[in-house]
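All chains are identified by letter, namely A, B, C and D, in their written order; residue positions are counted from 1 within each chain.
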Amino acid sequence: MNKEKVGVYVCHCGTNIAGVVDVEDVATWAGEQDNVEIARDYKFMCSSLGQDLIEDDIKEKGLTRVVVAACSPHMHEKTFRGACERAGLNPFLFEMANIREHNSWATNDKVAATQKAKALVNAAVERVVFQVPLEKLPIEINPNTLIVGGGISGITAALELADAGNHVYLVEREPSIGGHMAQLDKTFPTLDCSACILTPKMVDAGQHPNITLLSYSEIEEVDGYLGNFTITVRKKARCVIEEDCTGCGICEEKCPIKVVDDVFEAGLGYRKVIYRPFPQAVPKYPVIDKENCTYFLRGKCKACQIFCPTEAIDFEQEDEILKFQVGNIILTTGFDLFDARRIPQYGYGRLANVFTSLEFERMVNAAGPTGGNIFMRDGVTEPQSVAIIHCVGSRDKNYNEYCSKVCCMYSLKFAHLVHERLPGADVYNFYIDMRTPGKGYEEFYHRLLEEGTHFIRGRAAEVTDAARLPGEEGKLIVQAEDTLIGKQRRIPVDMVLLSAGIEARGDSKEISQLFRMGCDFDGFFTERHPKLDPVATMTEGIYIAGACQGPKDIPDSVAQAAAAAARVAGLITQGTVMMEPVRASINEEACSGCRICNTMCPYNAIVFHEDRNVSEVITALCQGCGTCVAACPSGIITGAHFTNDQIVSEIEGILWDVRSEPELVPGD
Amino acid sequence: MADSGKPTLAMYWASSCGGCEISVLNIHDKILVVDEVFDIVFFPCIADFKTKDVKGYPDGYIDVCLFNGAIRNSENEEMAHLLRQKSKVLVAYGSCSYEGCIPALSNLTTKQATLDTVFLENPSIDNPDKILPQTSYKVPEGELDIPVFYHTVKSLDQVVDVDYYLPGCPPEPPQIWAVLEVIVSALLEGAPLPPKGSIVGARDVAVCEECPLEKHEKSITRFYRPHEITPDPGLCLLEQGIVCMGIATRAGCGALCPQVGIGCRGCYGPLGDVEDQGAKMLSAIASVIGVGDPSMEEDELEREIQAVVDTLPDPAGTFYRFSMAHSLLRRANVNGGNGKGEAK
Amino acid sequence: MKYGYYPGCSLERNAIAYHQSAMAVAGPMGIEFDELDDWNCCGATEYISIDLLPAYALISRNLALAAQQELEGNGNQLVAPCSACFLNLKKADHYMAESPELSENVNSALAAGNLHYEPGTVSVRHLLDIVVDDVGFNAIAEKVTNPLYNLRIAPYYGCMIVRPGNMKSFDDQEYPTSLDELMSTLGAEVVDFPLKAHCCGGHMTQISESVALELIRRLLKNASDYDADMIVTVCPMCQLNLDAYQDAVNKKFGTNYNIPILYFTQMIGLAFGISPDDLGFGKEIVDAGPALAKIGAEPSPKAKEKRPSKEALPMPSMGEDG
Amino acid sequence: MNEQFEPVIVGFLCNWCSYRAADLAGTARIKYAPNMRTIRVMCSGRVDPQFVIKALREGADGVMIAGCHPGECHYVEGNIKTLRRFLLLKKMLKQLGVEDERIQLVWASASEGTILADAVDRMTEQVRELGPLNWQNTVLGGGNGQGQPAPIENSPVAEEV
């Protein structure tokens, strides 16, 4: 290989590196290595002056390769690649040695650190010599977007994109969009009515010319890659012909069968077997719940069909399978409420007057089962005292260690609603810490303090109907240690509300596998970067917003949704995007068609051509992990920018001080 | 060049089984052409020349020397140096001289263990006095020397400079003839020789290319040793859990073994872009182990995969059956790590 | 199924009924007990609170013996019917595994008797655990010849068998249900018993009677609030406190509870049709006779769960996990 | 040599989890053994067993491969492939006299700086305990020729041949 001219730049990073590593020594030493044209050390390489050094040397000394020994490439690789590019050097002829995070910050041993720095620099030098110029890959972006989940996040994202003139497919599992927000009564801290602010948006989404609304539908398959996904959706049979249905609701009226509505009414109310989850449902068409429909169970009834004025009922209707192309995907699949049954000592399901937060939301909702009256389980008695237990299933090693973020606020809201509807009723909030970070939130807390809510700082130990003291008879007793007065307290109340936390959807793991993206131990989808990129995922072209990424309240969800939409819109307007060229490619000449690599790719980027008996990597699908490269027994798959030559020379370089050239050893 | 004006040919066996010599005769009537074209000046298997004759030749007197067999002892090495000195073109002929082959499997253990096995422990041995070879001993006639038995088996190119490699255990006759043809035409018509160091008589693609068995995506849930399974005819052996080195081995043999239901042993050695045949084979075969998915608990995951790995009894011996001496590590560590090494 | 058996002191004296009934029902359930030779007291609840090391040494001696005697084919499973013994043995094993230092000290003590214990070698299990988990409800149901129809039972677990939280336990630590299921398998009506895992006062009766009596009162009250005919326990201590001190409670609080306290093994025996005499009946202080007289009548049609009124809101479905 | 032996460990870290974990360890100023020298790969699945063997051959005393936890792989399941190769490689290297402690597979998510640092400390200690590998000299007997076992002695001389 003809000699390269490598420039090596060792950064002091103030004293961050120079404090531990003898940077001058490293630079001088580097200067003496093979292929190294010039080696310098400098206070701050990332400063514009530092970058100028590089650019000037490239121009004046004709450097063909550049190595910067400084911080982590995750910090400044972009910066220095930029510098090279400006000076006309292909950015992929640059390599970085991480002597800060991986070295100077990790030890105080100056000698060892300097030795290690030399190893890392030498590795970079020997590697960079084998690096080759690469060009970024252009990818066409299909202007359509798929949004999964029709809650407030999905609706927001959909409208943002649609209003900007882009087509959106909005897919919702339930018969209507609206999500959890549609179940709520008031929203904190402003207390404006949830439905009043949500339904207009739902209607917009339902009627928008740029939005194809696929409710009562689920994603079956996702193929393809950024810019060009192929989506397969199963549109479940409603047994209602949408074209003919006017949404008059007569069918619902006439249907003789009532079942408990565990979804929209959170189990607190009933619905018919042919139903719309709620009056303002979008779309307006009802669905038949086949599990419970007398016709489907016994072949009789047909009341809905008989009374339908437009003959819109079709019991034979079958699921539809739709296929379409999109360029980007936004996941807004929302959350599940923590199942309070998992904490038996709180008695939910056993003690009649213990309710979950969602049950209570429905209860106080004017359109809910009690018409907005706060009743005990008997449906008639108003409670004289209500206990609200915070952090149910949250901040608890036994269930979820994280804070669900919204419970403190909605618990305060509950307290307020009880005061409002039942003046004179006592309200006790059992909290661990009061968490009210947000605009107007702390003020709301103070308002509640003034409204006379009793705040007891302590996690409730149990809720029991086992009376012990006078006055406890026939009540629910909440026992807790009041950590402010350091005493055990037993508060007898009529009604207990469990502020259950937010959990990832039960099927989020399957979803993340369907979309080939990551989700964390708790089941929340993993963002590309926890701070700097909370809306993108590790998979190009797939974005996340709302509670599916982590517990969130409405404003945060809306903000994230808009952000995701903006990111997508940006890509759409670009039309084509440039992708990192770190991709695999197969030398078909040398491919024996053994098919080992065929199962290596999680993105199905490797296809086998029966006719030519060779495998091929679809570059656009490839994400550059290199798993197939390592697997290929013929060694003929090349991983651009991580080739065998490059890594092997890096290994040799990094071992410069312990290496001994294999020589022809005479004799034994 | 011999006085006859014919180019001179030599063939020598170092540590080998003799199969390579047979393979040359396997080119059938072409052998007559060889005899016609060449003057054979050293060929212990078929002609009575002595080492001293070779020593007598001027340097470069031998036009082509086919050297087979690994470097196992001091004599092998001595002859390697001698023949290198006397030959224009030195060909590492066959797997042993190219990459160590079966003899080099003893690199997985110690010299002592090898000698003990051969001279003491082998069931067919009768050696009550536990007599082991001595490098030299006295007899009435005087002192005799026996070659020193090396600790580590080496390939030819690890002791002398080699011009060409002709892989195979043994090389396949058509390939041999093809190579000889090239050399002959080079010697007679001055046709160009392939670049020094190239591997001749083999292809730059894996055995699968020549293997007619049907191949699919692979997912192995347990490995079988040949006696444990009757393979489905016509179906890729690897897919059936039989270790077949074809995926990681140079083609040229015509995929003979897989076609009779025996997994490729890998005798043609690694492909051009591979430095270590064993490691590469390991990587490929482990990659397609068909158990373990991301949703599993970490320890469960490890248990499941380990269970499959356990069905492959001797990875080193299997993956390095022919290439041990030429592999990156060349031999087992029997003394490093405070003697905690596994090999015994 | 073979198990090593560690009766513990109580089962030789006051809880003899527990021992008898356990032995009586073992056979029918296909259980063989192999009593540990030369076992010693577990130190009960006090010793640990006085001085840890000797306490653990005392306990571990039994574990060491169990390991040594490898009680014939029981896979080193040691069963303790007494909750206190069970917890002590389990704790000792757990904390020795957790702290090599403790393990070392304990073993240096054991060495005096040429004994040694490697934490983890013996798995300590409570009698209830093996009955519900190893024998299983189905096997038991098959053996039931006279179901305990009509009998309202308050299942009492006590505070020890499912705790402490840092150890894996065989049932929910706050609201166990295995005994509930077992009793209904025997045909009895199980009443909700919120205090099922609360403390019975343990040895407080000796230290601060007033505290103990209050704790006992709560349990008795709760049981009678749910009109239980009897409380069924899994622990000699609980049985003793609730039974022997019932009178004292009545005097102190002017109540008149008359709730028999029995062992779950006795109930199994009854349901299996074993004669009460072989099950140690009659040894309890509060006479179980009247309550037991209720058995046999056909199952009362579930006390007519009064149909919820039209307005009533639906109760949450409890699903399987309920 | 009475000064303590400082092993050289080559660490292959995946770009998304373990490399970031090492970054985090640094940023958090967690101090750990300076004996590991890191090489970045996009995914632990890129680590060709040839690299591990190469490193040992070229003088490394140990090799660490670090990736995302199973189920958290940026590339969905590259790390599963790594685990499969690692387990088989470990078995084979054992036959070649390379002790288990010399090659280790570590799962460390981007937030687990301490886990990675601890792993490096632990491995450094274990390898120090094992002593140098020094393949070229110790094993292949180049240079100091320690590779040769003592010549065969004390076995009776043959009378006749």
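A few notes on this one:
In the analysis below, a contact is a pair of C-beta atoms (placed from the backbone, for glycine too) under 8 Å apart; a residue touches a chain by one contact, two chains touch by 3 or more.
For clarity, every value in this text was computed on a predicted model and none was experimentally measured.
Two chain pairs, B-D and A-C, are weighed by contacting C-beta pairs, with B-D ahead. Chain B and chain D have CA centres that are 29 Å apart.
Once the centre of each chain is set as its mean CA position, chain B and chain C turn out to be 72 Å apart.
The distance from the centre of chain A to the centre of chain C, with each centre set as the mean of the Cα atoms, comes to 47 Å. For this pair, chain A with chain B, the centres built from the Cα atoms lie 55 Å apart.
Listed for chain A are residues 509, 513, 600, 627, 630-631, 644, 648, 665, 668, each touching two or more other chains. In chain C, no residue touches two or more other chains.
Residue positions 48-50, 54, 71-73, 76-77, 81, 85, 134, 140-141, 147-148 of chain D are each in touch with at least two other chains.
Because contacts link the chains in a way that matches no line, ring, star or complete pattern, their graph is best described as other.
Interface of chain A with chain D (complex): residues 72-75, 98, 100-109, 112-113, 115-116, 119-120, 123, 509, 513, 516-518, 520, 526, 538, 582, 600, 602, 623-627, 629-631, 639, 642, 644, 647-648, 650-652, 654-655, 657-660, 662-663, 665, 668. Partner chain B is touched in their complex by these residues of chain D: 48-50, 52-54, 56-57, 69-73, 76-77, 79-81, 83-85, 87-89, 91-92, 94-99, 102, 107, 130-135, 138-141, 146-149, 151-152, 155-158, 160-161.
For chain D in complex with chain A, the residues that touch the partner chain are 6, 8, 10, 16, 19-20, 22-27, 29-35, 37-43, 45-51, 54-55, 58-60, 71-78, 81, 85, 117, 134, 136-137, 140-143, 145, 147-148. Contact residues of chain C toward chain A in the complex are 165, 172, 174-175, 192, 194-195, 218, 221-222, 225, 308-319, 321-322.
Listed in rising order, the residues of chain B touching chain D in the complex are 108, 110-112, 115, 129-135, 137, 139, 144, 151-152, 274-276, 278-280, 282-283, 285-287, 289, 292-296, 298, 301-302, 305-306, 309, 312, 314-317, 319, 327-338, 340-343.
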